[in-house]
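Next up, some structures in structure tokens.
Next, two complexes with subunit A in common: one pairs it with subunit B, the other with subunit C.
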Partner chain A sequence: MVKEIERVGIPVVHVCTVTPISMTVGANRIVPAIAIPYPLGNPTLDVKEEKQLRRKILNTALEALSTEVDGQTIFEVK
Partner chain B sequence: MKLELGCIKIRDIMFADKSEIRDGILYVNAKELEQIVLEDEHISAVGFDIARPGESVRITPVKDVIQPRAKVEGGGDMFPGVVTKVATVGSGKTHVLDGAAVVTVGKIVGFQEGIIDMTGIGADYTPFSKTNNLVVDFSPKENLTANEYEKAIRVAGLKVAYALGKLGVSHTPDETKTYEYSSIIEGSKLYPDLPRVGYVMMLQSQGLLHDTYVYGVDMKLSLTTMLSPTEVMDGAILSGNCVSACDKNTTYHHQNNPVIEDLFAEHGKTLNFAAMIITNENVFLADKERSSDWSAKLVDYLDLDGVIISQEGFGNPDTDLIMNCVKIEKTGTKTVIITDEYAGREGTSQSLADADPLADALVTAGNANQVITLPKLDRVIGTLDFTEKIAGGFAGSLEADGSITVEIQAITGATNELGFNRMSAR
Partner chain C sequence: MKKFRVVHYINQFYAGIGGEEFADHKPEIREGFVGPGMALTGAFGDKAEIISTIVCGDSYFNENLEEAKKTILDMVRSVNPDIFIAGPAFNAGRYGVACGTICETVQKELNIPVITGMFEENPGAEMYKDKMLIVATRDSAAGMRAAVPTMAALALKLLNKEPIGASIEEGYLPNGTRVNFFDKERGSRRAVDMLLNKMAGKPFTTEYPMPDFDRVEPSPAVKDIKAITVALVTSGGIVPKGNPDRIESSSASKFGEYDITGVNDLTADTYETAHGGYDPVYANADADRVLPVDVMRDFEHEGIIGKLYNKLYTTVGNGTSTKNSKAFAADFAQRLKNDNVQAVILTST
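The block that comes next holds the complex of A and B.
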């Protein structure tokens, strides 16, 4: 899906836990997620901490989307 | 460590007033077994049934398959850390009820439980169509969590297998096999000219219905470690998982691991079976990196020449597999990986989710997406209620005439990644 959407000229950020698979399938902008069963959150955190975490992942993804890349790039969540 | 496996051939199972083994027949008093199962307060009722090779019987949804075994001599007892106390097993004598199996079924826990057909084309895809099966059908109490229910039936199945295994302790085995495992230094001295080969076994460890227990330890909480392959024969590694039915390692697979069997068969002839390493397949990327780093460190430390790596499950564990393979190759050790494929129903898609040029020697156990139609069978043990929900099933799987169209993913053991089946491809 990442590759097909990029093929029509729309940049894509792939947020995923297992970044090596994302590299293998050929995504250009990759943001590491948390874990396989809960990629975009962390149920072990309390609600407030989890919201912050989710926002950080989203902001990193938005930043990646607006960043020029030369090749496959992993944007670490800070 | 030296282990003698005494095999008592079982050619049939029958219900009787007295539990015993006589003339190759396993007689079972179901009332006694019921009491053992109902010791667990989470289980409200249990039923027992028998399925024999060739009978027109379908068993589903299958959770685990266990071979009855018990210790006769040596430390520890069967299923240490879960059914019996924690104590090192793997030496002395163990008796095996060869030809018998305990199959656990019951209301579904997840969607990853399987089908065993005792006859027809489906029987060709599962090794458990060739065993005489005592099927244990559990009913849980109401309002249990999925975890409570899963644990209760997992342990109860093992207790039943242990109780049956103990019936064989005083019998003279029909056949005895001996397995001897030396220390690292002793082994090198014994066979200085043979290549030192290790086995890296990957164990599912991704949470409910994806776990494996080693001496009772949930493997996701462990780092990569080592044990003697004879310990595995004595029930040190237990299935707590129902990945996809086709490529989960049931407890029976662990007890009869064919990679271990074959490495022992070649030990001292073409190779020196030097070490067995077990590692996990966790849900965090950092865990995957850490565990595969550890596999490679141990392989390097043990100075192995070659390693066989077996995977369990598919999808993200393909990354654990490739990480193990690549990192071990980079220590200068040759690898062969054993896996299966999810190449789509036509077999034309990419087979593994991850890949690397260093993974250049691979044994495949088949394409789990292959579609098959299983004919209606006369009797169902368990229930067909979940046929369209289990992995490999889909809306419309269950036909009005009682036949079932599924991917072979739904058949227990169909593409087992220890190679415990006859399917492969070149």
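The block that comes next holds the complex of A and C.
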């Protein structure tokens, strides 16, 4: 799906847990997520901390969208 | 005659432990065969036997890669087998990746032959088909009966160090190595037959498939994220509670388009997941964990992004064919384009 979105010229960032799959499929901007059943969360944290974690991942996603890439790039969450 | 010693790797599902809710199962080793190992044992006859079966949850393997590889490698080493067999994984993505990864590790570290099986669209196939023999299987466990004898026969050939024929003869996924063989018909005959079939609109199989380099150039970066509309898309199956369009839990035949105007938070009462390929407990409790509408809405209110697009696009990426996924996304990508969406965040489980 990432490729079809990119094909119409819209930059897309793939936030996913198993990044090797994303690389194989051909996403260009990739942000690693937390876990398969909760890529953008962590049920062991309290609600506030969990939302903060989600915010951090999405900040990285926005940064990825705003960064020029010339090939497949993984943006680690800082 | 001495029987060859086989170690078989399977996931939590095929070991009968359970489905997605047990995908975190840590590696364990059991004596003898388990689950599909029974059919393999039958196919080996008196030539080989499964001395141990290693079971590991698919999520555990993929989320704890280094630890899982190390633990399983130690288990395999402890029983000193002649060959390592994993799966078959059919079209189960994480299982396929696990089978390929552990086979590669065992092959490299223990220097014994390995073999696995999967459907050609399994992401594990693309990753590992040029590194080991992967038997071509159907996309679901209904293909077990066909897969087992092929895997067993190839395993025995590897064990006896017999030459391996071409992929089309032996039933493994083409791995880029050309093997010559004499066909029953000569080339001109085959070419004419193929042409006649093509002209008659009948199915035909090329003998020289073109390599599939389906790569898309990255789009230019967003200049000013504060000024544009960003859309959320997911393959994680998040849908309004009750799944109004009845998106299938696996092998999805459709995607959903849902209006999120005025929605600031996805809650247990309003949204859920339709995805049948991961433990749904966490997403059903708070779907923002998969599709982060809450934080994106905050970003919008704080002026970090221009606007959050008022529609979600969602489907279930679980055994869904590449053909369907491509068609879904080609459709909604055009809608996004028409509505002047200038960036997309796509989440996957």
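Methods note: the second predicted complex is superposed on the first by the 78 of 78 C-alpha atoms of A that agree within 3 Å, B and C clash if a C-alpha of one lies under 4 Å from a C-alpha of the other, contacts with A are read in each partner's own complex, and residues count from 1 in each chain.
We adopt the following convention: contacts are C-beta pairs under 8 Å (C-beta built on N, C-alpha and C of every residue); 3 or more make two chains touch, one makes a residue touch a chain.
Remember, predicted model here, so these are calculated numbers, not experimental data.
Novice: Would you check which partner chain A:Pro32 touches, where first means subunit B only, second means subunit C only, and both and neither mean what they say?
Specialist: first
Novice: After lining up the shared chain so the two structures overlap, which partner does A:Thr17 touch, if you call subunit B first and subunit C second: first, second, both or neither?
Specialist: In the superposed model, A:Thr17 contacts both subunit B and subunit C.
Novice: Of the partners subunit B and subunit C, which touch A:Ile5 in the superposed model: first, second, both, neither?
Specialist: Touch status of A:Ile5: second partner only.
Novice: Check whether A:Lys51 is in contact with subunit B, with subunit C, with both or with neither, and answer first, second, both or neither.
Specialist: A:Lys51 contacts subunit C only, not subunit B.
Novice: Counting only touches as set out at the top, which of subunit B and subunit C does A:Thr67 meet: first, second, both, neither?
Specialist: Only subunit C is touched by A:Thr67; subunit B is not.
Novice: When the two structures are laid over each other on chain A, which of subunit B and subunit C touches more residues of subunit A?
Specialist: Touching more of subunit A: C.
Novice: Considering only the contact definition stated at the top, list the common interface residues of subunit A for subunit B and subunit C.
Specialist: Shared contact residues on subunit A (touching subunit B in one complex, subunit C in the other): 17-18, 20-21, 24, 35-37.
Novice: Help me check something: in the complex, which residues belonging to subunit A touch subunit B?
Specialist: 17-21, 24, 32, 34-37
Novice: Spell out the part of subunit B that touches subunit A in their complex, as residue ranges.
Specialist: Going by the criterion above, the answer is residues 206-207, 283-285, 288, 316, 318-319, 322-323, 353-355.
Novice: Spell out the residues on subunit C that touch subunit A in their complex, using ranges where they run on.
Specialist: 20, 23, 59, 62-63, 93-94, 97, 123, 126-127, 214-223, 225, 230, 233, 235-236, 278-283, 285-286, 288-292, 294-296, 298-299, 304-305, 315, 317, 325-326, 328-330, 333-334, 336-337, 341-349
Novice: Give the list of subunit A residues in touch with subunit C in this complex.
Specialist: It comes out as residues 1-18, 20-22, 24-26, 28-29, 33, 35-41, 43, 50-51, 54-55, 57-58, 61-62, 65-71.
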